[in-house]
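Next up: some structures, all given as structure tokens.
In the two assemblies presented below, chain A is common to both, partnered first by chain B and then by chain C.
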Partner chain A sequence: MFGEQQRFMLFLIAPAALLMLLFQVLPIMIGANASFRNWALYNPKKTWVGLEHYYAVLSDPAFLYVVLPNTFLFMILSVAGALVAGLALALLLNRPFRGQKLVQTILLVPLMVAPVVAAIMIRWIFNDQFGIVNVVLEAIGLEGQPWLVQRWSAFGIILLTDIWLWTPWFTLLLLAGLQSLPKEPFEAAAIDGTTTWRVFRYLTLPMLRSVIVVCVVIRAIDAFRTFDIVWTLTGGGPGRSTELFSLYAYVHAFLNLDLGRGSAAAIIGGLIILVIGVALYRLVDRIAKA
Partner chain B sequence: MAAISLRKLNKHYGSLFHAVKDVDLEIADKEFVALVGPSGCGKSTTLRMIAGLEDITSGDIRIGDRIVNDLPPRDRDIAMVFQNYALYQHMSVYDNLAFGLRNKKTSEAEIKAAIDRAAGMLGLHELLARKPKQLSGGQQQRVALGRCIVRNPEVFLFDEPLSNLDAKLRAQMRIEIKRLHAAIPTTSVFVTHDQVEAMTLGDRVVIMRDGRVQQVGTPLQVYGKPANKFVAGFIGAPAMNFVTATVRSDGGATTVEAAGLKLSVGDAEARALGAYNGKSVIMGARPEHLALGEGASGLGFDARVEVVEQLGSEILLETRVGSHGITVARVPAETVIARGDQVRISAQPGRLHFFDPDTELPITG
Partner chain C sequence: MPIVTRPDFLPGLPKWSRKTLFALALFGICFAFAFPVLWLILTSLRPESGVYYVHRGTEFTLSSFAEVLSDERIVHAFINSALISTLATFFSLLVTVSSGYMLSRFTGPASRIWFGTIYVFRCVPYISWVLPLYFVTQSWGLYDTYTGLLLPHVAVHICFFSWLMKGFFDGIDPSMEYAAMIDGCTRWGAFIRVALPSALPAISALAVLCWLFTWNEFLFALILTGNHVPMITVVMAQFVTEMGLRWNLMAATAVMALAPAFLIALFGQKYVIRGLRI
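Here is the complex of A and B:
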């Protein structure tokens, strides 16, 4: 049915296709199926309930007024924070100085730390009783704070952790982008008497734009489904005040063991990412063509 | 007023590479000087040191009455054209031209006037709204020229600005640059590896090799009185023919001899070659100073044609003389001649060059 070359190509694709089928397509189908049924581990009858779970999720005030805003706020601030920090470090590393290689290596360390390990570390640092932050604060006469027990300080710490973890990733990619820029326009600008700020604003930034946009798209989609550091740092608490979308789905599916409801939440989240992703890719496309 | 003066200029890269060695050069106000040499000869480095894009290792650079050794490029009042144009790709042509003036917070009205003037000179008016990507190489290089003109600097620096263009455009842009310099006389330094560009553009030509200046002079001087064998071979196209020959002087007549070749030289040359009797010298003859036929007595030799290059305007004849090397002659285009023909070639009297084989310096009386 196929020519030899086609058969060979299919043979090469087969393992990856099989893996995708088994571990991505199939689970999504099973999950989608579950989202339309009453599928709880203590009630294995799997009664068809249609869109009831979707309705429940979308009318859940916790989902609408806490989880979704948290998720978007987290996505925007985390990506923006890591982008700004990453760009600043990349600009710093782009000019040669003594010990530059050393600094570069040290800056990459967060990239090598497992997010869960980082989160545990941060949790201890901000522990209200024996965390180093409070110890230091008290040593200089300030009052220690119950960092992870207040909504916005907890949210802030989650954000900072995520930014800390992802800044090196931005740094690395943006530095590669910076180093691939042609030298001459910058030399021309130097001769033209351009200030550092104007060079950044009118040369570096526009020339780096496509790299920045690709980084932001990848990272934004990834940030939308952040789970590990939030789960480890606060578990979504205090209360459910730092819960993100992925925690919401996880809690319903695997703590409340309501697989139907959890699946519905996951599918909703998936659709949201799809829309955001397509919109962002359109943006990339437009910018790449500009 | 901006003369440029380089004194004992040196550039080391690390401890291994000595790119520019003791360069001394005086460029007068409004003069157009071409720096020429093979790649790696230090000409671009020298230019970039004048621009302030490279640090200097030692020596002095003076622009006008200021020593600019440690001044950043923006304070040197220079403008530079780069080989790959170095335009700001995401800005329109107009914004490219305006960028340097906006840096100086010039009023938009003045900017517009300056751009109008430059655009008129370079024929850029209909391109002002376009982005560099939408322009051809020649148009981009004109925009780069315009960007320099609008700034009205003391000095123009050109770093091989024509080498990315095709031959026809290159010739066209060469004329354009020449016309531009006539219209706005500004001290200019032009770096190129193309000796034709250097000769046609430069009021004076500076020939460099291995980081050292070989000769500074007007085009006619470097062509007619090359300072050494390198300059003689570098300037002129096709390049000068070199033959190692032995000087024989008996009584009145002096001849130079090589295999298949015996030429008698004129009085002035004979005096110069006096000290070389019985020794070998390097004899040089430019292709345009060799002609078919017997010519003046004692200056003819036999050769066998190996390659005939018909250029339309003339023929380049590559011939073998005796057992040794190829000799190129330029002969009229109508000449009927073919590969393998035996021909008689003669040198023009007084047009032979002689160099000492050890020092490669010219042997003059």
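Here is the complex of A and C:
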């Protein structure tokens, strides 16, 4: 039935496809089913309730006015911050200087740190009584802050932790991109006496564009589903003011034991990011072809 | 000798001050990146009484590490994490290298559909499929077992790593494989004997990344395991609530969780940097 080439292609992807079917497609379908039912952990009947959970999530003020804005704000700021920092560091590492290897190794440190460990570290550093940040602030005569129990300082710290964690990833990919750029345009610009800024603006940036866009797409999709650092840093608090979308779904499913509603929230979030993901992909495609 | 030199950093200043400023900036950046980890290590070395005044006092001790290592649950978690990470790396590579090869070497509808599927599933938030996966593993009797944690970990790597692997194979000229096939190699022979060896640097890079991702993963372990297969990240997160104020123990556990990742990354750094040059 299949030609020899088709069979080869099929064999190459069969194990991956089978795993995805069992551990991604199937669970997503079960989750979709659960989202239409009253599927609490200890309710064996699983009554069909239609779109009730979707209505409940979409009319929940906490979801609409806290969770969604938080998630989008977090996604945008975290990607923008890590991109700017990562690009700056990649440009720095792209010029030779003494000790460059050492600096490069140090800059890659956050890449090895588990998000949970990073969150624990940051929690300790910003501890309101004994954290070093407050100790230093008090030593220079300022007042220490209860960083993690105020909404915007907690949000800022989560953001900072995330940027710290992911900047090396940008640096690595952008540095690889920088090193594969052709030398000639830069030499021509140097002979013409072009300023550093103009070289960056009119040569480096446009030539790096496709690498930058790929990094941004990958990271934006990941930032949308961030869970671990928020869970360990604040648990979504104070109150529920730093909750992101993944936490909302988790809290409803496993803490409130309402799996139907948790699944509905997970599906809604999945649909949102799918739309964003496809839009971003078309953007990459257009830029790559331009 | 190069024809032109690069433009100087902050031109207009005298050379010595430029050098000092550059060194200071470098130092500041490195400090910002390394400080949290250094602080954690310092905290882990302080005795119980000194942990709240890490910046003061000079007593250091390894007793926190000894206390952590005497906790059976934590040791168990370390062994589990190492085991799962290693196995997940092995199986992920097995599965994704071939899938990436397919994406790179074939064009046409089958390849496009597979790529589209991978991209879409890469976008789906983990929570959307790990939440119901909890039921799936429970009804198959896989909840809180090695298999029940290992297979989802392998599955989650398929999308991203197939994508990366496609990029690597795109950078390898296929004409060697064609030559091998003309000389009588089968397709499998060309793939295994010709393409795989030349992709080895990329495969090493993926192995390092895969090990680190699995070791650092949290959400899967949180939802799919209970008391039988504790993973180190989950145990640490529970620590924060259970042990509240015993920061020296927290820090010691965290430092031990960092150590293997550091070693792997330090040895693997050159592969990753070389391999990611897509």
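Assume the second predicted complex is superposed on the first by the 278 of 290 C-alpha atoms of A that agree within 3 Å, B and C clash if a C-alpha of one lies under 4 Å from a C-alpha of the other, contacts with A are read in each partner's own complex, and residues count from 1 in each chain.
The criterion applied here is as follows: contacts are C-beta pairs under 8 Å (C-beta built on N, C-alpha and C of every residue); 3 or more make two chains touch, one makes a residue touch a chain.
Model, not experiment: these values are computed from the prediction.
Q: I'd like to know which partner A:I125 touches here: chain B for first, chain C for second, both or neither.
A: A:I125 contacts chain C only, not chain B.
Q: So, A:W48: does it touch chain B (first), chain C (second), both, or neither?
A: Once the two structures are laid over each other on A, A:W48 reaches no partner at all.
Q: Report for A:I191: first if it touches chain B alone, second if chain C alone, otherwise both or neither.
A: Both partners.
Q: Pick one for A:W152: touches chain B only (first), chain C only (second), both, or neither.
A: It touches nothing on chain B or chain C.
Q: Quick one: name whichever of chain B and chain C touches more residues of chain A.
A: C
Q: Figure out whether A:P182 sits in contact with chain B (first) or chain C (second), or with both, or with neither.
A: Once the two structures are laid over each other on A, A:P182 reaches chain B alone.
Q: Between chain B (first) and chain C (second), which does A:F97 come into contact with in this model arrangement: first, second, both, or neither?
A: In the superposed model, A:F97 contacts chain C only, not chain B.
Q: Now for A:M207: first (chain B), second (chain C), both, or neither, which partner does it touch?
A: In the superposed model, A:M207 contacts chain B only, not chain C.
Q: Considering only the contact definition stated at the top, list the common interface residues of chain A for chain B and chain C.
A: Residues common to the chain A contacts of chain C and of chain B are 187, 190-191, 195, listed in rising order.
Q: Where on chain B is chain A touching in the complex?
A: 51-53, 72-76, 78-80, 82-91, 99-100, 103-104, 147, 151
Q: Could you pull out which chain C residues touch chain A in their complex?
A: 3-7, 9, 11, 22, 26, 29-30, 32-34, 36-37, 39-40, 43, 51-55, 94-96, 98-99, 101-102, 106, 110-111, 114, 117, 119-133, 135-136, 151-152, 154-155, 158, 160, 162, 187-188, 191, 212, 215-216, 218-219, 223, 233, 236-237, 239-240, 247, 250-251, 254, 257-258, 261-262, 264-266, 269, 272-273, 276-278
Q: Please give the residue numbers of chain A that touch chain B in the complex, ascending.
A: Counting only chain A, the residues touching chain B are 182, 184-185, 187-195, 198, 202-203, 206-207, 209, 290.
Q: Hey, which residues of chain A end up touching chain C in the complex?
A: So the residues of chain A touching chain C come out as 4-6, 8-9, 11-13, 15-17, 19-20, 22-24, 26-28, 30-31, 34, 89, 92, 95, 97, 99, 103, 105-118, 120-125, 127, 129-130, 132, 135, 164, 168, 172-173, 175-176, 179-180, 187, 190-191, 195-196, 199, 218, 221, 224-225, 227-228, 231-232, 245-246, 249-250, 253-254, 259, 262-263, 266-267, 269-270, 273-274, 276-278, 281.
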